[in-house]
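In the part that follows, the structures are each spelled out as structure tokens.
Presented sequentially are two complexes of chain A, the first with chain B as partner and the second with chain C.
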Partner chain A sequence: MDFYLGLLQIIGVHTLLGLSAYIVLLTGQVSMAQAGFFAIGAYVAGMCTVMFGFHILPAILLASLLASLVACAVGFPALRVKGLMLVVATLAFGEIVRLFFFNVHWQVERNGAMVGPEGPEGFRRIRYFPENGWTSIDITAFIWVIVILVMLALWWMDRSRAGAVLRAVGHDETAAQSVGINLTAVKVSAMTAGGFIAGLGGSIYAHTTTHVEHLIFSVVLATFAIAYPILGGLSHVMGTLLAVVFVQVFLVEVLRFMGDWRNMLFGALIVLVMNLRPHGLLGEQPARMFDFLRSRSRREETHAAT
Partner chain B sequence: MDYFFFIDLVQGFADGVLFGTTYALIGIGFTLIFGVMHKLNLAYGAASIGGAYVSLIAFLGLGWPPIPTFAISAVGAGVIGYVVYFCCFKFTPVRHPLAALMASVGMLLFIDEVIVHESDGMPQPYPSVMDHAEITLGEIWIRGDLIFVFLMSVVSMGVLLWLLYRTRLGVATRAVSQEATAARLCGINPDRINASTFVITGVLGGVAGAMIGAAVGVLSPLLAVPVTVKGLIVAVIGGLGSIPGAIIAGLMVGAAENIFLVMRGITERDIYVMLLLFVFLVLRPGGLFRSASSQH
Partner chain C sequence: MLQLDRLSKHFGGVRAVDEVSLTVERGQIFGLIGPNGSGKSTTVNLVCGLFPVTSGRVLFDGEDITELPTHRRLAGGIARTFQNIRLFENLTVWQNLWVAQNGAEDRQQGFLKRWYSGNRQGRAEIEELLEFSRLHDKRDLLAGNLAFGEQRRLEMARALAAKPSFLLLDEPAAGMSQEELKQLSERIRALRERGATVLLVEHVMDLVMDITDRIAVLNFGRKIAEGTPEEIQANEDVRKAYLGGAAEQEEAASA
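So, the complex of A and B:
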């Protein structure tokens, strides 16, 4: 039973991570920095509960707000460049965050033991849940309440004017700008919201595993973050959840008997899916999305043809 | 700043510039593929390291001397480059570059995992030449193997430039990168040019992978991601699509890396290199040499 609850917790955390990339992808931007925001959430929330004795809710909220602030700050310089340059900039930012936590030594004494992040050894003993008597069922329910709230919020946003604006920017930047949409504001707010959701995921993650270290928040995790919404397709928030279930349940658990061949299979499977269903598992997204990545010459070519 | 610290800085700078040529090669690979296809091949760094691992079979298994081993690395990475093109770029839709990007990320993970599986995740020794020679200039001494790395990289760049500017294939490649439609009207097959670009950059990456192995002395699966990140930083600082930019940025990143190593230590080194990228993004988003193909 605990195994299945643990699996549900992992699915919940990864869904949050995927959704944080989903909202940024809606505006047509590819952000490889989500693992960095996830790490900020994990470390800050852990520090709040372990080092300063916060309750879990304000700790999570504070960590997520901080992650969203950082995302907002990164958004401005990074969004000056478009498309593929943004991939590189956010990739570098994610590595900066990881290396920052690799170098952080900050321990305080609580109840006779030194606690806090300890550089390469990571941040141990984030034991808020066991110390306060939460059972696995409590933790799982707590995570899924948050996940469902976030999914509902995103689903509602998608149906509202805000969603239309985000998709319009992803659809065709020039057209969106010509009807008076402020591109920078839209992209930076999507980035900020993405940072908040990633921070939520990270802070929950730190408390369920009780131990985080910098190696977890590598490029591989950033890849997972953008892989979920892209594999699931951008037409609906459920696509991300579907992709998380597919990867975490089918690839990780069902194929566990394959040993380390499984990791190879993961890469090969992404390649295969992208060849067979380039628009994601849930199918077609609004046409002409990610136009910005195409060359000007090709754009002119299609304009000439139509 | 005392005298010895200054000597350390100069020493670091010299080593960094010599080693930076390998970053320049990787950066050229990213920049060239971007120039021709307007797509990012994130599997490129892993393919380069993969080539070096292929040559390890020749070195450890067959006992070949270093120079033929390096050649095998170039050939191996060229083959991997074509495989990457075939799997990730040939069939993914032109109108949907995200699919190709994601597929190349999948390829990066795949190559990395194959390397981990075959080598059991352990670092392997890699041969180098002239590693006992050294040149002493006052207080500065320059390692012979680094000079070899530098010379090999410069020769590879020279061959690449000759290929691009003095052969029919090069003319066709530059034509496709400047104006794909017009090139097609002139009877150039863009698919073949794309494939040949992947093979050429693959060979270049194989040389870079072998040189990185030779300079470091060991090959490890952990090299793939840092090489990818450094190569991307070089390509962006130099201006995506610009070869001279990538060369200069490569030397710059190599030098900056070693200077930060002397000043701040190994664990903080890469933070500053990446902050350098952000400085460029804020002050000069187009890179050192803003090329025609990066202005969109």
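So, the complex of A and C:
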């Protein structure tokens, strides 16, 4: 039972990470900085509950707000560069964040023990959940309430004019400018929102694992963050969730019996999926409510009409 | 209404636009013609601010807008279409018009209204534009799935969504059939009746001569002539630079 709950928790956290990249990807930006925002969320939320005795909710909120502020500040200079240069710039930022936490030594005494980040040793004993008697079920439910709220918010945003504007910018920046869209404002807003969602994911992650260290927030995590929405497809927020389930359940858990061969197969399967479904698992359709549940006939009608 | 004052754009050593001055009066349909590579599209891009100018000024309604970013020029009333159609192909026809409602009036709405759904009046305007462009039955199709002529119509509708007072049409007739051309000239005239001023960049001479009030001719980035269609047709320099070449091509094509 605990295994499945743990898996659900991982899926929840990674979905938040993937969604943070999803909203940025909608504007056509490939950001490798999401792991950095995730790290800021993790460390700051952990510090709030462990060192200063915050309740979990304000801790998460504060950490996510801080992550979004940093994302906003990074957004302005970083989004002036495009394509590969943006990847490099955001990658560099992610590494700066990681190395910052590699160097942070800040401990305070609480209940007779020294707590706080210890540089390379990491940040141990983020034990808010066990100390307050949360069971695995409580934690899992808590995570999924947040995940569902975020997905609803993004789904709502997707259907709104703001969602259409993000996609317009993602498709053609020149045309978007010409119809009066302020590119900088749109891209930085997406980045800020992405930073907030990544911060949420990170702050929850730190509390479920109780121990974080800089190595977790490496390029690999940043790659996962953008791989989820790309693998899932940008047509709908559900795509990202689907991709996380595909990767975490199928690739990581089901293939566990393959031992060391798994990692090789892992890459090969992603390549295979991207070839079979080049627009992601969900495919390419305009974002609409429950489009993926609706009978196929309607879609085919639309195609027949063209 | 629009005034270019010794406008220049150099790409390295190439003088794409070289000290071009012209004035478009309110309510005019102004034609900008010239052979391939003469700087017409560059001029359009300078007017809507996609490139920074090398020297000179762009004045709109008497205001210097040379340094204004592109998206602010739309709010000021300048909208455009592209030579190679640039629709948001991942959005539906309806959404293409929806995201383009960024005119001065639209900007006065509250934040939520503007970014969530737009207002009722805006939606009514989209309906009207769909009607005007005869795209009513295509509203839920992805723009990328439209036929070529429909894409051209949608792009013009998208430019009109912000209710511009000034419209830049960059080769709107490219690739159109005779039938479509007739509809296009009717639509451009209808635009003027709505009160818009039009700068028309075009290769199709019949269309330009038919509907413009005044024409400027560019060659190698320089303005070589300006006048009424009749004057331009009679101008020797223009014949040499452009019409002569076009006439020869037509002869070759018909032969």
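Here is the rule we go by: the second predicted complex is superposed on the first by the 284 of 306 C-alpha atoms of A that agree within 3 Å, B and C clash if a C-alpha of one lies under 4 Å from a C-alpha of the other, contacts with A are read in each partner's own complex, and residues count from 1 in each chain.
As a convention for this text, a residue touches a chain if its C-beta (ideal position, glycine included) is under 8 Å from a C-beta of that chain, and two chains touch if they have at least 3 such contacts.
All figures in this text were calculated on a predicted structure; none of them were measured in a lab.
When chain B and chain C are set side by side, the one touching more residues of chain A is B. In the superposed model, A:174 makes contact with chain C only, not with chain B.
Judged by the touch definition given at the top, the superposed model places A:263 against chain B, while chain C stays out of reach.
In the superposition on chain A, A:107 makes contact with neither chain B nor chain C.
After overlaying the two complexes on the shared chain, residue contacts for A:220 are found with chain B alone; chain C is out of touch. When the two complexes are overlaid on their common chain A, residue A:135 makes contact with neither chain B nor chain C. In the overlay built on the shared chain, the residue A:183 is in contact with chain C alone; chain B does not reach it.
Those residues of chain B whose C-beta lies close enough to touch chain A in the complex are 34, 38-40, 87-88, 91-103, 105-114, 116-117, 179-181, 225, 228-229, 232-233, 235-236, 240, 267-268, 270-271, 274-275, 277-278, 281-282, 285, 293-296. Of all residues in chain C, those touching chain A in their complex are 48, 50, 69-72, 74-75, 79-80, 82, 86-92, 95-96, 98-100, 102-103, 114-118, 140-142, 145-146, 158-159, 161-162. The touching residues of chain A, counted against chain B in their complex, run 30, 77-78, 80-82, 84-85, 87-89, 91-93, 95-96, 99-100, 102-103, 119-120, 218-220, 223, 226-227, 230-231, 260-261, 263-264, 266-271, 274-275, 278-279, 288-290, 292-298, 301.
Of all residues in chain A, those touching chain C in their complex are 160-162, 164-165, 167-168, 170-172, 174-183, 284, 286, 302, 305-306.
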